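What follows is a single structure, and I will ask about it in a moment.
Think of it as A, B, C, D and E in the order they're written, each chain with its own count starting at 1.
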Amino acid sequence: MPTDTKRVRGPEVSQSPVLFGCRPAAVLPSHGPRADGRQRDQADVRPVFVRCGLVSQANGSAYMEAGSTKLMCCVYGPRETERKDETDMKCGRLTTDMRLAPFSCPVRGSWIQGTQDKDLSLMLYESLQPAVCLQKYPRSQIEVSVMVLENSGSVLAHAVTCASLALADAGIEMYDLVLGCSLCQDAGSYVVDPTYAEETSCGSGGGLTVAFLPSLNQISGLQSDGEMSEETLTAGVRTCIEGCYKLYPVIQQALIQALRRAAPPPSES
Amino acid sequence: MATVQVSEAEKVYILHGIRDDLRVDGRGCEDYRHMEIETDVVSNTDGSAKVTLGHTAVLVGIKAEIGKPRPMVPNEGYLEFFVDCSANATPEFEGRGGEELGTELSNTLYRVFNNKHSLDLRSLCISPGEHCWVLYVDVLLLQCDGNLYDAMSVAIKAALFNTKIPRVNISSDDEGGKEIELSDDPFDCMRLDVENVPCIVTLCKVGHRHVVDATLQEKACSVASLLISVTHKGAVTCARKVGGGSLDPESVFEMTEAGKRVGKALHAPLMALLRQEESLGMKRHKVGFLG
Amino acid sequence: MAAGFKTAEPLEYHRSFLKENCRPDGRELSEFRTTTLNIGSITTADGSALVKMGNTTIICGIKAELANPTVDAPGKGYIVPNVDLPPLCSSRFRPGPPGEQAQAASQFIADVIESSEVIETEDLCIDRGKLCWVLYCDIMCLDYDGNILDAAVVALLAALRNTQLPEVTVNKETSTPEVNFEKRHRLHIHKHPVGTSFCVFDDSVLIVDPTAEEESLSTAQLTVVTDEDDRLCSLHKPGGSSMSGEKLQECINRATARQREIQKLIEKVTHSVTTAQ
Amino acid sequence: MAVDMRLPTVKSPPVSVLDRKDLVVPGDVITSDTGFMRGHGTYVDEDKLTASVAGKVQRVDKLICVRPLKTRFNGEVGDVVVGRITEVQQKRWKVETNSRLDSVLLLSSVNLPGGELRRRSAEDELTMREYLHEGDLISAEVQSVFSDGALSLHTRSLKYGKLGQGVLVQLSPSLIKRQKTHFHNLPCGASIILGNNGFVWLYPTPGQQEEEAGGFYTSLEPVSLSDREVISRLRNCLLALAAHKMLLYDTSVLYCYESSLQHQVKDVLKPEVMEEIVMLTQQKLLEQES
Amino acid sequence: MAGLELLSDQGYRLDGRKAAELRKVQARMGVFAQADGSAYLEQGNTKALAVVYGPHEMRGSRSRALHDRAVINCQYSMATFSTAERKRRPHGDRKSTEMSLHLKQTFEAAVMTQLFPRSQIDIYVKILQSDGGNYSVCVNAATLAVINAGIPMRDYVCACTVGFVDETPLADLCYAEESGGVSSLALALLPRGGQIALLQMDARLHQDHLESLIEAAMTACKGVSKVLDEVVRQHLQEASVLTRE
């Protein structure tokens, strides 16, 4: 690792205590009810808590909790592009930056944005871009940054939802909201909106994240890994869409609430 | 990614052609361009392959190095991917221009291989918790003419097939320390089982239909693509939507189905070709870049 | 009208308030913004705290890892504090490696930890010369509206109070550490340093807990850190206009008062968290 | 679904190097006779006319040029080009024509709707993008060459202008044979513009009508399947000829098309098929000559 | 590598060559269709790919354009698998930046840039396999690529690395020799006129030996140029069979 002179540095090597636990981490059962009491094989998403407009400095922001997954998204812009090329003249530029805070996972993460963060940023970008009316913002850029404060699973899916809320909060024109939902599939059964433990313990199966535009019925982001059959994948996509629809009213409510708070009291006439 | 400009009228022409299942180069929607594959092209690697698909050309070199197993999986070796989008492929990649695409491609490769069956990682273990083989899979883009993903995955499979890892002898000395000795006999080597290594199929949605192996012009007409990596048994190891647009669920399902079908069919001819090449042995006329 | 004045002549706008001994947000000159504290909300961290001072929001997460002590100090562990100002918290920060301000803040926090002896690094030793704890204290700004140093110190202190380390024993045979997550111990907090920051306007008017705008308009800034024994742990004044000894004493007095307030707040919140469990 | 995977073709053993005087490489002295004028691809070094590129020597009276096998387009006045608009600037379009600098199409060098004698108004400047915008293809003629070598184009003839539906094939300019006309309606059912710059445009043969809109109107009606097949086959034939460095003109293209008819369109690009049809084409051309 | 004998008493080198013998050079022009010019060249086990784009309109900021000649832009990089020990980065390190600069200087001396005012010529070279003499192999490959692109040059540029062992100059060093502590020198030559396009030496050598070393380098370069000449003529002939009108 290159020496980092811009930070306070600790010892060269240090290891997470998790590696030395006396008892091996309990393997989650692949059947029966889930640890948090939710149902398997159903679009059973965790209850979410969302708030818009918490950050004073941003043009739009949203904070979201799903179980103990906590993340925050800020939107800056539209503001003038720093880098100009021909496409910017007709169309705005969207940039996304997603990071996991060093303390957000069971094992500490590094300061430097790793490939995982870059990958997540790209996925976030591809999921959001179809929804934003970029042609309405020529020569400008809209910056979306997401910080995951606690990773308790399904971060990408929730980041998508949170970011679309923050975009809406910033008053950026969008065709539709974007909602995210993910699932983990293992040995013939699946869990929707998995927790971190569920994500890491699904051995032979795989994970799937879908970003969905609910009113337009369009999939704007799709990403899977691990091994699954085509039928499972297709079924998984359907389940995720179902999960998104469950989330939809909650998100709408949060936005309306934010609007109410922001709007001046109705004039009496 | 390397981009080309296409006028509105050209787009319409391409779009209608795909609707009628007759693409500009005469192919049907699910036809690949002519593909040439050759392995063992770079002699200082442990395995290598060169694949050309239309004008797209990729070179894959694999180096096996001894490293320390990951703490979470002490009895497995691992793969490292790196994709070099060099300026040779297109001037757009000059300086740091290709870095973004490079990370995107290598991240996808990590996903594609992120499962238990693609490659038997346990066979790469030398001594649990201490030593294992790390396979550095380095992809070099030589020319871009669309459909990098598919070409890359075929080249990787071919290079893995070609990879020869020296046999290792572990002897312990008097003080209990272990010594690792590599066999110098070039024939005393370990081969990898590539049966389950997946191939990537990129389906480009153009108009209301989708095509495989899109050229740059076709890609310019498409709003979104679905990338899907499929094993010879038809299992999907990675799926991703790429590109700026969105897809309706029905077409995602159609594309997944087509991707699986096409992907599954890629493996048999590829394996047959690799075996045929191998059977030629020393008689094989190496072509490389001189042919 | 007022809004126009504010954006066109921000300095004049502020002066007009200061003349009346008050500030645009309604505070008095020596009044802090409302400070709220939330402890232990991040379960993936070994200790965490979220501090809000007005709009300024700072979160601190502490992760403990195992390492070998240095040869020079075989009986000591490490504390590694870093302040991150991500682009998320304000449009003034760009993605990439930490900028000057973040670097300076990290150094400031590191200095405070060392001079205040909030934690004895000896406490972090597990097996002399062989094994010790490293406390990675990552302090992250989520909303930047001035005075991040005060907020960062409070967040760090509260997070340290909240930290619980698992019990570690070294297996004699294999000489590998064994960690028992069931049994956890709190850290011993020796001192409670608290920072108080001031801004000087027009080389004369002194205000406490400046907002981002006030910071940018001020002619000098000053941070005083004191602990419960009224010891001065740090005095940080990066350049700017000069200041009389008298004024300085005034600042220190305000700081000691603030220290009491904050320590009380931390006790209260920590207490409510532990009783809630 | 079809996939054609194979091992690379082994190169045929090299032909023995004949000492062909007309082929030169950089640094070769062409003549030390000072009576000749130096043209493209040559320079004078110590009174000797020397080649600066690898290619074939051509002599026209006293002028000696060397034509390289492959090069950027070196346009001359009167050349027909096919190009793509890259930028819309004030009073002019920038056009990519495979030259060493982008070519220029001045607003004053195009026929605007409403007749040739129309004055160009300020409004025309503002609406330039409506006539031609970035990415559009045009056919044009080289009007003049600027001192730095950039080409100035014009479309002041009904045969030039914006191109509609069709397929562009980009080849080396040296493969295009100079002819009286570079526009051909081929008897096989499609039309071709063989741009001197190596850009070849294949399009369905237009009916009698249209054209009147000043060349800015393009039909977006679907092209019939049979026309498409012809165009695709022609495209692949052009690539086959180019791969074997055959000179391109209406007859060679047409013969190649005829030779390819026994193969499916998509198979034409397979190396062995390409070789076969190019051989057939050569034979036909030889027969026709004798 | 102290114990290694670079030149045996019988006058043979590590790989069995004589002192002035070049490694086997094989090359092909026009490997890629999309570039304006391209070439592949191998010299022993060092293999390089060169690609040329241009001359074309300046990319990026037009202010870099020169009003009286073309700008030559070079990028040198190495495949991550090209060396025995895997490289972490293909380019961007100090050594490849320096190499890019040397290539640029070399080709500015040979390409007739004055014919293309305000244009840009890109030369990208990639080492696929590295076994000594990287600079020289790149120059030789790039020369072929420039010729393939039909860009006028005064003459070929040929390069060779030579070393000095036991009072004897060794031509065309391989990696084992390069790293064996030999004083070496790289030279790029326009063979017909004998002009030196670039000379680079960063080892210690007695002044008296310099002349003989340069002499040997020039002879080696001429040897290379002979091979390149054959490749170009071969290519010309194969390609012009059919274009004959």
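Keep in mind that, in the parts below, contacts are C-beta pairs under 8 Å (C-beta built on N, C-alpha and C of every residue); 3 or more make two chains touch, one makes a residue touch a chain.
Everything quoted here is computed from the prediction, not taken from an experiment.
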Label-sorted list of chains bordering both chain B and chain C is A
Contact steps required, at the very least, to link chain A with chain E come to 2
A correct list of chains touching both chain A and chain B reads none
Comparing each chain's Cα average against the average over all protein Cα atoms, the nearest is chain B
Greatest centre-to-centre gap (Cα means) from chain E is with chain C
Between the Cα centroids of chain B and chain D the separation in whole angstrom comes to 36
Distance between the CA centroids of chain D and chain E (whole Å) is 33
When centres are defined as mean Cα positions, the distance from chain C to chain D in whole Å is 70
Touching at least 2 other chains, the residues of chain D are 134
Multi-chain contacts in chain C, i.e. residues touching at least two other chains, fall at none
Touching two or more other chains in chain A are residues 15
The chain pairs that touch are A-B, A-C, B-D, B-E, D-E
So, in the complex, the side of chain A touching chain C is made of residues 4, 6-11, 13-18, 20-22, 54-58, 68, 70, 72-74, 76, 79, 97, 99, 101-106, 108, 111-113, 143, 145-147, 149-152
The answer for chain E against chain B in the complex is residues 26-28, 31-35, 40, 42, 45, 47, 49, 51, 53, 59, 73, 75, 77, 79-84, 86, 90-92, 122, 124-126, 128-129, 131
Within their complex, chain C touches chain A through residues 41-45, 48, 55, 57, 59, 61-68, 70, 78, 80-82, 84, 86-91, 95, 97-98, 102-103, 106-107, 110, 134, 136, 138, 140, 142-145, 166, 168, 176-181, 212
So, in the complex, the side of chain A touching chain B is made of residues 15, 19, 115, 118-119, 122, 126, 129-131, 203-204, 206, 208, 213, 216-230, 233-234, 237-238, 241
As the complex stands, chain B meets chain D at residues 5-10, 12-13, 16-17, 20, 22-28, 30-38, 52, 154, 212, 261-262, 265-266, 269-270, 273, 276-277, 285, 287, 290-291
